[in-house]
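Naming follows writing order (A, B and C), and every chain is counted from residue 1.
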Amino acid sequence: MTTRPSAFPGEKAADALNQLRQASPLVHCMTNDVVQSITANVLLALGASPAMVIDSREAAQFSAISSALLVNVGTLTDSRAQSMLAAIHAANNAGKPWVLDPVAVGALSWRSEFCQEIIRLRPAAIRGNASEIMALSGLAASGRGVDSADTSLAALPAAQSLALQIGAIVAVTGEIDYICYGENTCAVSGGDALMTKVVGTGCALSAVVAAFVSLPGDRLSNVAAACRVMSCAGEIASQEAKGPGSFQPAFLDALYSLDAKRLTAKNFRVGEL
Amino acid sequence: MTTRPSAFPGEKAADALNQLRQASPLVHCMTNDVVQSITANVLLALGASPAMVIDSREAAQFSAISSALLVNVGTLTDSRAQSMLAAIHAANNAGKPWVLDPVAVGALSWRSEFCQEIIRLRPAAIRGNASEIMALSGLAASGRGVDSADTSLAALPAAQSLALQIGAIVAVTGEIDYICYGENTCAVSGGDALMTKVVGTGCALSAVVAAFVSLPGDRLSNVAAACRVMSCAGEIASQEAKGPGSFQPAFLDALYSLDAKRLTAKNFRVGEL
Amino acid sequence: MTTRPSAFPGEKAADALNQLRQASPLVHCMTNDVVQSITANVLLALGASPAMVIDSREAAQFSAISSALLVNVGTLTDSRAQSMLAAIHAANNAGKPWVLDPVAVGALSWRSEFCQEIIRLRPAAIRGNASEIMALSGLAASGRGVDSADTSLAALPAAQSLALQIGAIVAVTGEIDYICYGENTCAVSGGDALMTKVVGTGCALSAVVAAFVSLPGDRLSNVAAACRVMSCAGEIASQEAKGPGSFQPAFLDALYSLDAKRLTAKNFRVGEL
């Protein structure tokens, strides 16, 4: 039996963000065709350095010199799967952490097999929506692709079970994000529904998780910080945005200027926990 | 001899948009490298659900569970052509409609052959510019790639002929959009020249056509509604925009908040018909 | 010994921009996965016409009818390398100029070999950051991917040597851009640090270089005009932007409305030369 989720304190998010900006980690993003640009722009806005390299020889070479590797299976192909495997092995050999975003796992067979294969290769963290995490853990889910038809709370047992099973941090994100590691779970609230109307906010979060996971210190706390930084920027942007179009520039601006004051302000939705 | 184009009424566009938002169709987009993000964001802003899946096995599996399939040949490769064929056959077997965007057909030989091959596989609709539709119908055209050097009116006979020939809806879009099916043609005006200065507005329209074509009811009317929703959002956005950069967020915001009032307002350019 | 850099006059940038808008060159962009959209939008905002074609047969066919070809190796794969070679040969046979953006050359082995191979195929121009240009010229560099750890001034000898070696224009860009051809070098200042926080501004500049290189007149001057047009738009956008998110739409708007008045205004940073 795992412990109850504890609310993640804003002070820790602020500390981790400061560390990130000083370290400016180089994040090797092997991600899907749709979100390349927003992923890079989110990392740049936060002060990290993104790079996308996909040839299998180069991906392996690059993972070894990067701070962290992101593997996102959204638009998986045979050749990309080979490159991802090469990059994962190179990252592992070089002692660099890698993060999995299991996009649409459960809804599609081939990528589900591929993800079942690679989660044995010691990812530092997995970030997915409720349906994806339930599918990956072997529990039933009701996703129909990139959307999740389940709430993150419904997937919490699956996330906790998966975290124990493979020894990785598992973040199941939604209206509330739950980040599980071993017997511990912490919860991050915030964000805004507009984030679901802009493609790539979830995928970009996985890249941010990779950036934070490369930092020294407690990894569970660092992954939770990644989630909180994104949800806090989402709250700020939603106050300025007239819709999903104006949300995106406001979101990147918010990430760029995010500070401890905003991250430690009382989060009005924390009562939902 | 086909009938004269009739102006498409805004009330029908508003009804179809309401239906779309309730149904939230899942649109499988096999589209080109350049417009992945704007295509997804346009569908999300309208209330549809986009997903991009490109491996041939997964594309076939996904087409069968999607509401509609979009095939856009903008950055065609051998492996994508194979995946598109697999997805088209799966969509047909599952009774799901598919839509073709014949980007740059006529200007480039291989894709022209490929599109001539797949238009025999019963697309529900084809959406292209004047040059593309003229080339696809076998009539001469003067495109030099993704641009059209002909007006949509010049391509109207080609669109009507193609529609009869293959039994699909054919939408030739430009300053005025003509949507042809059997003996009927309707016309949609509106939009703004700034739309031609933002990459992907035409490609995204094809994805929106796929979303609307999945709805119950009259398909000619649904495709015209797709065209009108986009041209109306273009008008709204152009009033706020200072250029093509600020046009894009304003356009997505306009799609998100588009309502019957705007769609049924007198369209000042309807006199051009 | 090459001559000292001379400051590039704004009047020449304004003249070249006028020419570009009248000619509306068709630029065949073979570029990386991350920057497809911003590259196309930058070219459209300036009045050029972008097109991305990647199949090897089509790429060769298209290069022959385009005004210029861009080759950017950011997300190189085997099949894209083959297509790029086919396109370069077709461009050369048709007498069309091509431009190389050697993304991350030096940091990654395979693309470095590929770029060493293709710079023998008579590019009209090469545009890169300091690390890339130093690596391409055979001098030591300290890049760690897409970032440059060197200043453009430190790379000036490498750029001048490379320009003489291969008989092409070499632009090494950074806080100050140096454009070298034969014994001549000119310098372009301006821009803003926010440009480094938006993915693709450098890659898009290379596409703009391709557009300008297709114009008649002095090529060194045309490439410098490309650099100045982008740095001037960057200055304008940075005055309106609250961060990298709002910078991007403002930048495209600035490119769209850029005029001689702005381009010939005194550039406050020219004193740095």
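Quick note on the criterion: a residue touches a chain if its C-beta (ideal position, glycine included) is under 8 Å from a C-beta of that chain, and two chains touch if they have at least 3 such contacts.
Composition by chain, UniProt nomenclature: A, B, C = Hydroxyethylthiazole kinase.
None of the values given here were measured: they were computed from a predicted structure.
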Homomeric contact subunit A (Hydroxyethylthiazole kinase)-subunit C (Hydroxyethylthiazole kinase): same or different residue positions, threshold half: different
Rotation in the CA alignment of subunit A (Hydroxyethylthiazole kinase) with subunit B (Hydroxyethylthiazole kinase), degrees, nearest 5: 120
Chain centre separation in whole Å, for subunit C (Hydroxyethylthiazole kinase) relative to subunit A (Hydroxyethylthiazole kinase) (CA means): 33
Residues of subunit A (Hydroxyethylthiazole kinase) touching at least two other chains: 33, 37, 248-249
Complex contact set, residues of subunit C (Hydroxyethylthiazole kinase) against subunit B (Hydroxyethylthiazole kinase): 26, 33, 36-37, 40-41, 44-45, 49-55, 57-58, 61-62, 65-66, 79, 248-257
Complex contact set, residues of subunit C (Hydroxyethylthiazole kinase) against subunit A (Hydroxyethylthiazole kinase): 32-35, 37-38, 74-78, 104, 107-111, 144-147, 196-200, 241-246, 248-249
